[in-house]
Amino acid sequence: MGVATRHLNRAILSGTEHPPQVALLRAAQPIADPSPRWDTGPVRVLLDQAMARYATDRAAADAWLAPRLHATLRLTRGEAADKGLWAYLALVVAPDYVLWRHIPTGTDESRRAAVVQAARFAGANSVQAFARLWWAAEMFRDGADYRPVEVACSNQDVLNTALRLDIMEHRPTAMAVLRVLQQLTAGGAPRPGDQVNSLCRAIGIAGSTLMYETLGPDQLPDERELLLWIDEADSAPPAPWERLPDGPDDGEVPAASVAALTRLFENINEHLGQLRDRRGVATGV
Amino acid sequence: MESGEEFGPWLGRQLRRRNMTQAELAAEVKVTRAAVSAWITGRAQPRPETVRQIAEALSTDLGTVYARTTDAVPAHAVQWYHRPAHSDGGREFGNAAAFAFEADLRVLAREATQNSLDERHDPTQPVRVRYTLHELTGEHRRAFLQAMQWESLKSHYAAAAASDQKVGRALVEGLRELEDSETLLLLRVDDYNANGLTGPEYDDGRFAAVVRRQLDSHKVDNRRAGGSYGLGKATLWATSRLGLVLINSTLSVPHEGRTERRLIGRLDLPWREVDGEAYAGPAWLGEPDAARGYEGVSRSWWGIQEETTALHLERESDDPGTSFLVVAVHDAAAVAAGDDGLHAMHEKLVDSLADDFWAAMTDTASVPPLLKASVRTLRNGTELIPETPVSPDQRKPALARALRAYLAGETVDVLGVRTDVALRTVTLNVPPLRAEGKAVGNTAHEAVLLVTPADDQDRTHSEIVCMRGNRMKITTQRPRDLGFGVEPFQAVLLAGFATARDGEDVSRAEAFLRASEPPEHNRWEWTEELSVAYARGAKRRLDEFRASTADALRAVVGNRAVPSAGIATELLRERLRFTQSPVAGRQGTRRSRGYPVVDDVDGEVDSTGAWVLRVRVAVPPSEDAWRLSPVPRLGGGRTGAGAAVRWADLTVTENCSFDGDVLVIAPGVRYAAFTGITDPDTHPVDTGMANIGVDVHKAEEGAKRA
Amino acid sequence: MNRTIYPYPVLRGRTDVEVTRVRLDGVELEFAGIGISQRTVALAVAGRDEWQEAAIEIRAELPETEIADGPWSELVCVAVLEEAATNVRTVHRLTKDRGSGTWQGTVRMARSRHHSRAGLRVQVVATVGGIPGRRIGGSESDWVLDLHAKAPQREQESPAVVEVDFRDGPHSWLRPMKDAPWFVDTAGGDMPVVYLNQAVEGLTTLLSGKGGPAAKATAALAGAKIESDVWEAMFHAAVGDVEADEEGRPRMPTGWRESVLQTMLPDVLPGLSPSDAIVEFSARREEGYGWAELQSRVQYAAALRAQLPKQLANAMRATVRPEGEDR
């Protein structure tokens, strides 16, 4: 990680130079575990496929890539918290993908000066190019079911903010927020992403008096199932491209909890709607 | 001759009371003096016809002599006997000990209870001590003073008080208190299942040790085995404003054939002259003696229930033991009077007992304690504060837990939970006595070290309390080098009899450690006795013992040493340690705030859903006016920064003005207060769903009410 | 700092929480690992690293008399285990023990879901005025469960100090600085690392301070200088990591960064609260005004923090020759 940032300079961030592979490899700490799950080959294949599929809509690659990256890089949360791992991926395995996905597009004028935020290579888990996808998948999956991950990752507003919000650490809350998002999208609401972000902030504020964990309790994940799934990385076939892979079957989010919180969040959202109506403008709060 | 009292002691007392010598009785009943002496000492019994003659000589009937449940000769009235001054005219300024001690109930409780513990009679049962504070007023007070013949003492106290010695001044104070206040406070110290004051009137024995010996003999070794009532007893007299203590003892071994209600009173006064006679030192309340050499001296008498009741000395059972009644008790540290004062003294006694005797009071389901203690307070015979049993857990819960776990065999090897008690044995190599010669080697005694995490309420901790004997604390040891950040712990080292084991090694260790104690019994160190009695190297054995104890402790609680890097690295690392770590929810203290803060917020939600907030802002004094933006913030805290909302109205309360939404505080002002009402249309959630706080920031220019 | 009030009655009395026992995969953690005064559990106390689950028994004391007389119903007390690095927050219900009146329970901590230090606290929740799930109280300070600590120490990890040969050592990137006596690296992971250059002969001996008072004072002075560099580097690293919150205001970072900023900002920008100072600092960095002056203030604050003035005075006193001040 430290070594990673030391090698980040403007030339690399703008894509005019490649990161110094040899120096980085020398400096990288080898992982002692011989398991094939540390083999970066499958990840590379996945990234090439994503770039091919979403050449015209790069942001849309996130919803496709997040579940598949998660199912390919089978990690515990403890392992995934290591920022060095993600920096290695970004600088050594796939700097081209980071540039492809995050270099600002637009006029030729702005492109010439464009650079990728350094944090997309090495930075917080909510920003780093791969960490944000892996963590989004981890936090929005419903046990083995990655469908909610697709929902969360298809809205950049949600994806960019959600990982920074403490409320999302509670799965029933996260699921309930996605429900509201789906309803808004289905109902043709204008700028549903903005609305959901306002809602998330309001949920956080109401969280100063309400404890969602007791209003909509979750159950502890089944640790053994998770570890088993991670161990299966050795023998698992590569993640499918056309349909969603299966995640670790470590327990579904209790439906009753999601329902209870969805009702609560609908009420909060209704209040926001009334505020918007009353003031005739989007509050942006 | 099977009946009440044994014949010998009974006859001896009748002669004393008649002022009749053994020789005179011998002449009357026509036997030799030696024969009379043999009766009195119990070596022989008189023949029936002689008994009849004895009855005649004593001017009584035959039945009285055979029954011996009453006296044939009426007693000489119990009275105070004051010891005359030495004929050489030397003036003893009273008993220094009685008045030199600071009157302190804590010291009294410690010394008296330790004496009781040392005097435990049946070793399978606890000795029971009870402290009774008893306040007398009105008729109760008058009746008691009369029973103890206060009138006859007045002149002596007045004379003694006239001395300008420190003692005299103390007495003046005590007398004035007695005269002025309508109350008299008694403290009774009872023990049961103790030996009682056995032994003869004047010669060696427990009775004489307490009643006859000088109180202030510093050479007396207090705390020796067998309990000799040493220096400690003086604390009884010291806590009496009058230097006056009455005693009732039930003996474990009969004296004069009797055990119950051996009564005596003793007071200690300085040199005084009353009615032209000079007196020095003590006076005793008792029966005038007729024995040669002691004529007129008041001796203990066998009382009857009416007497013990009147003197507040009646004991609750015939269990052996002693009751001391401290008359006009006081405590130098006491500040409160009346009921508060009584409550304070009651509490002090309870606390003191709990502090000093937690170990002796600790028991388990199957192991009885060595000691049970309680305190109660009465006023005129009725209960003011109910009897409070003293619990070992009251003051030293963790230590009591450690000992209890040991006695119950519930110790562990490694501390797991907070209530666990770890046990380690520590070897004390007891050297042989010099007298045993070279053939005898060291005896290994396995002392017991108990360690447990300290309790939150513990005021002292992280030291080893070292005990021997009847779980008597000798010293505390504070080992060093336990490592950084060791959790507070409690530890007890039990050696000798305190291990509750028996055997050769135990008694040898007990004797060895006792020999290594100075007269105060507060250290284990080199002593004269140690070097005289034990083979060479005794001191080294003590040092080894202390070091092994520290090692054993370290093995339980010590933090493992961090593998050491270079010394420069270590030093630097030490310097770079964060000394302050902000814990969520609590801010580290800064030396002083150099910036404005909101230091109080209060408020409520009004009917429109707006927050009405009363806010006080503290600012450092400044030469310029402060321009601040107070920002109400909904839902701040753990979940995030919350949301800033807007004010609908701002009103000055104190020391400030508003320029739009900008709070302006004049130079030199330290506090400002205002009331703000929030605009509910800016609340992102229903007002009832979020908490609220107020921040202040430096105003950004151009911030006006929107 | 800022007082917070609630639109419904909350507990005034204290809620305390304590870890009473810890088992790692069923094997009891020795008590030395539970630092009650430090409110810290060292989970690596026995050097055991292979465990998968820690069962942490806790006990909470609530202001029961206040609760009994208060307007709260359906009161529950939960333990909250959280670690931001792994986005974990799990909640465990405690049950009230009839005998002691305390709330007790076991928090199950899966090792795989944690990275370094987890926080543990309790939260009291009840129905108030017909609204369920209201927060009405909680413990004031967290317990820290440290996965890597061998002894329970509350302190944040300190900057690491590494003795290494800059010229011929394993770190090639230090080679260009082969003549520097030390280098403070903040580009690394979470904590700055101080590299001491073994290639500079006599440096470690000097720093060890062996010898007379003069040697000690010199060592202390050199140490203070290094420390001052470290504080300065940490300050910049901490300020560099400041992120904006939802309203665009810089947000106070957490952990050691917060410590550094809280202690140094009042000396860097006097008169401003730390949060205002961050705003000001960020503004100056972006817009450039007063930036040079600010650098001097940072150096000054770092020197104060490192006690440089004191060590300098001591060193001068220890080395001054008795016969004269000047020559």
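By written order: A, B and C. Residues from 1 in each chain.
Assume contacts are C-beta pairs under 8 Å (C-beta built on N, C-alpha and C of every residue); 3 or more make two chains touch, one makes a residue touch a chain.
Since the model is a prediction, treat every value here as computed from it, not as a measurement.
Overall, the chain located most centrally, as judged by its C-alpha mean against the mean of all protein C-alpha atoms, is C. A centroid comparison over C-alpha atoms places A as the chain most distant from chain B.
Each chain gets one centre point, the mean of its Cα atoms, and the points for chain A and chain C are 28 Å apart. Separating the CA-averaged centres of chain B and chain C is a span of 45 Å. Distance from the chain A centre to the chain B centre is 68 Å, each centre being the mean of its Cα atoms.
The multi-chain contact residues of chain C, meaning those touching 2 or more other chains, are 6-8, 131, 246. Under the contact definition stated at the top, the residues of chain B that touch 2 or more other chains are 636-637, 640, 643, 688-691.
Shared interface positions of chain A, i.e. residues touching 2 or more other chains, are given as 166, 201, 208-210. Looking at the complex, you find that chain B touches chain C at residues 414-418, 420, 453, 483-485, 487-488, 557-560, 562, 565-569, 571-573, 575-588, 590, 594-605, 611, 613, 620, 622, 633, 636-637, 640-641, 643-644, 687-698. Residues of chain A touching chain C in their complex: 1-3, 5-6, 23, 26-27, 76-84, 124-125, 135, 138-139, 163, 166, 168-170, 201, 208-215, 217-218, 220-221, 223, 226-227. For chain B in complex with chain A, the residues that touch the partner chain are 634-640, 642-643, 681-686, 688-691.
Considering their complex, residues 165-167, 198, 201-202, 204-210, 268, 271-272, 275, 278-279, 283, 285 of chain A touch chain B. On the chain C side of its complex with chain A, the touching residues are 6-8, 52-53, 76, 78, 80, 82, 85-91, 108, 110-116, 123, 125, 131-135, 172-173, 185, 187-189, 193, 243, 246.
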